[in-house]
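Labels run A, B and C following the written order; every chain starts at residue 1.
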Amino acid sequence: MLRRMLEARARPQGPLDRRDARSKLAALLVFLVVISTARYAFPATAAVMAILLAAACLWAKVPLAEALRRAAVVLPFTAFFAIVCWASGDAERAIALALKSYLSCLAVWLVVATTPMPALLRGFESFGAPRFLLMVAQFIYRYLFVIAEEARAMALAASARGSSARADFRILRFRAAGGALAVLFARSYQRADEIHRAMLARGFRGRMRSLDAPRFQLADAAFAAAASLIAVGARLAAERLV
Amino acid sequence: MARLVEIRGLRFRYPDGTQALDGVDFALDAGESVALFGANGSGKTTFAMHLNGLLEGEGEVQVCGLPATGGNLETIRTKVGMVFQDADSQLFMPTVLEDVAFGLLNRGINPVEAAARARTALAAVGMDQAVDRAPYHLSAGEKKRVALAGILVMEPDILVLDEPTTFLDPPAQRVLADLLRGLPQAEIVVTHNTLFAQTVCDRAVFFERGKIAARGSVEEIVAHFDWNFASQATNFGR
Amino acid sequence: MHIPDGFLAPPVWATLDAVALPAVALAARRAQRGLEDARIPLLGVMGAFVFAAQMINFPVGVGTSGHLVGGALLACTLGPASATVVMAAILAIQALVLQDGGILALGANLLNMAVIGVLAGYLPYRLWGAGRLRKFAIFAGGALSVLASAVLALAELLLSGVRMAPSVLGLSLAVFLVSALLEGAITLAVLQALEAMRPGFVRRPAGGASLALGAVAVAAVLLSAVGVLFASTAPDGIERVLGVAVADASWLRKAGTGLVGLAVLFVMCTVFERFAAKRSA
C-alpha cells in the first residue's frame, strides 16, 4: 500500500503542476459533481468524460497507463456491488456504478499526481477545512513512512524469530501482533514527545506558522473556469447527441 | 564578561525517582568545543537538556548571563541551538525549506525574509538543492545537515549536539565534522564516538552516575577511562 | 468500508457532507482543548501509527486475516474528539492518495467511521471501562465501532438505490459481524499489551454509569443503526433513483425516513458525548 504512495514521484513537470492547488480542486469538484449527477444515457456521457480525462492526462504529462492502473483499484469493490445490482435486475445501475467510480478515481488521481501533498492540504483550507485538522493530516503524511518502516522492521524481526508459520512478515500470531502494535504505539507516543521537544527548542510558542502560499493567479482562475465549462459542456453535448 | 554557560550544583530527578544528575558544575566560554562522554544513563543527555530549559532542575544554571528559567527561556532558546539524536523527530515539516524556516517564523520574522534566510543557511551546509524536498527522501547525513541548518539559521551562540554521528556512515561523519570545525559557535557534543570528538572538540568531560568524574583533553579522558572499543577486554566467549 | 464516488445519490452525499463536515470541525475544536497547536504532533504521529498498523495482518485462521481499523483504540487512548480528528485526517489521505473512498463521498465516510464509528467505539468504554467489565467494554467498543460504521455504509448505499437481495444483505452483515469481532479482539489485545508495558497509561474514564443505563444506550445505538438499514430496504425497493424525478413523493418519503434516522442517531451520539465529556472534564 505504501509502496504505491511512494512510487508516484519524479515525473517531468507539466502545465498542470504549475497551477494552484485551489484551482485544481475547484475543477475537480465540478467534474465529480458532473459525473455524479449524470442520469440520462450515461454510457455516452461516460465515454466523452473518459476521452476528456485521457486527453487531460496527455496534456498534463501524467503517464496514462499508470493513471488507468491506479484508478482501477476501485474496481474490485465496485464489481461486487455491480454484480449484486445486476443480479437484482438493475443492469443500468451496475454499469453506472462501474463507470462513475472509475472515472471519479481517474479524475482525483490526475489532481493528486500533479499536486504535492502539502499544497493539496493547504488548498482545502481555502475551502473551509479546519486548519487544525489539515495540520494533523500534514503530520500524518510526514510520519507515515517513518512509522511504517518501524512496523516493518518489528514484524520482520518477529518473524525471523519464528513467530509465524509462514515466512511472510505481514502475518503474525495474534498475541504477538497485539504486542507488536502496543510497542509501536508506545514508540510513536514517545516520538511525539521528541517532536514536541524539538519544536520547543526552536521557539514554538503555541501556534504553527507557515511560509507564504503562492498567490492565486489569473492563469489559475482561467484553468478552473475552462475545465469546469468543458466538463459541463461535454456532458450536455453527450446527452443531447444520444 | 560573563561566560556563555555557568552551571553550579545541578541536580535533577526524573518523575519515576531516578536521580539523573547529582551535583554537576560546568562552565563554557565562547568558541570552546566540549565533548560529553559517559556510559548510557550517566546523565549526559539529561544534562544537555538543561541548557535550553527543556528540563529544569535544582541548582544554578546560567546561559548567556541569564538564569535558565521562566521568561528567559524564550531568549535562551534562540541562543542555544540543539540538534537531537533522531533527525526524523527534528525535521517535522513537510519540506526542507519550511523546516529550516520554522525557528525564524516562531520569532515573528516575516515569511519572505524567513524563506530567504533559510535558503542561505541551507547553502552553508551544502543542502541548497534540497529546498523543496520532503525530509523522508533524504539520507541520514543529509537530514542531519538540514537539522543543523535549521539551528544555524537562528544565529545561536551555542550549539548542543546529542550523539550527532548516530546513523551516519563515515563519509557523512567526516562532512559533519568539517562543518562543525568551521563554525564560530561554542559547541557541546554528547557522543560515544571518540574519533569524532577528537576531530571536533578541544576538551572533554566524563559523566559517571550523574556527576562529572573528570575533565581534560579528549585524548586524556579517553585514555584514562579506556573509552575505546578496541582496548576494552571482555570475557565473553572464553 | 470506504464508499467510492459514484455510488451515492446526490441528495445522500450532499446531506452527509453537510452533516459530517461541521461535526468534524466541532471535533477539531474540542481536540485542540484550548492549547492551539500543541497537540498536532501527537495526533499526527498517532494517525501515522494507525495508518501503519492497518498494514499488519492478524490471522483469523483458514487463510484469511484482518487488520485494525483503529477508531475504538484511538478513542480509548486519546479521547473521542481527538480520535475523530485523527480518523478524519486518515480518511482524507486515503481518499486522495490511495483512491480508497471518494471525495464527494468523503462526508459519508467521515460520518460513518470518524464520527459515529468513534463515538460507538467510545461508548462502552465510557460506560464500563472503569469497572470489572473493562475488558468486555474495550472489546465491545471495537466491535460496535466497526458494526455501526458498516451498517451505516450499507444503509447509505441502499438509500441511494443500490439494490441488494436479502441473501446478499445477510451475507454482508455476517462478514461485518466477523470484522467487528476481530476489531474488538485486536483493540483489546493492543490495549492489554499497552497496560502491561506502562501500567496506568491508558486512563480510566471517570465515573461509570449503571449497567442498565449503559445497556440501554448501547442497544439504542445498535437499534438505530439497524433501523436505518431496514428503513432503507422497503420491499418494493427504491426504483432506479437515477431515473426518478425529485417530485416523486414515495421516494422522497423513504429517503427522508432513512436520513432522519441517521440524524437521530447522530444527535444521540453527540448529546451523549457532550454529557460524557462534561462528567469526565
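Note that contacts are C-beta pairs under 8 Å (C-beta built on N, C-alpha and C of every residue); 3 or more make two chains touch, one makes a residue touch a chain.
Treat the numbers as computed from the prediction; the structure is a model and nothing was measured.
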item: Length of the shortest touching-chain route, chain A through to chain B; value: 1
item: Most centrally placed chain - per-chain CA mean versus overall CA mean; value: A
item: Where chain A and chain B are represented by their mean Cα positions, the distance between them in whole Å; value: 39
item: Chain centre separation in whole Å, for chain C relative to chain A (CA means); value: 21
item: Rounded Å distance between chain B and chain C, as computed from the means of their C-alpha atoms; value: 45
item: Set of chain C residues in contact with two or more other chains; value: 41
item: Set of chain A residues in contact with two or more other chains; value: 117, 138-139, 141-143, 146, 191, 195, 199
item: Residue list for chain B, restricted to those that touch at least two other chains; value: 92
item: Sites on chain C touched by chain A in the complex; value: 4-8, 10, 13, 21, 24-25, 28-29, 31-32, 35-38, 40-49, 51-53, 55-59, 65, 68, 77, 85-86, 88-90, 92-93, 95-100, 102-104, 157, 161-165, 168, 185-186, 189-194, 196-198, 237, 240, 242-243
item: Residue ranges of chain A touching chain B (in the complex, touch as defined); value: 116-118, 138-139, 141-143, 145-146, 191, 194-195, 197-205, 209-212
item: Complex interface listing, chain A residues touching chain C; value: 1-2, 4-5, 28-29, 32-33, 35-37, 39-40, 42, 70-71, 73-74, 77-78, 81, 84-85, 87-90, 92-93, 96-97, 99-105, 108-109, 112, 117, 120, 124, 128-130, 132-144, 146-148, 150-151, 155, 164, 170-175, 177-186, 188-189, 191-192, 195-196, 199, 206-208
item: Complex interface listing, chain B residues touching chain A; value: 49, 52, 54, 74, 77-78, 80-82, 84, 86, 88-90, 92-95, 97-98, 101-103, 105-107, 111-112, 114-115, 134-136, 150-151, 154
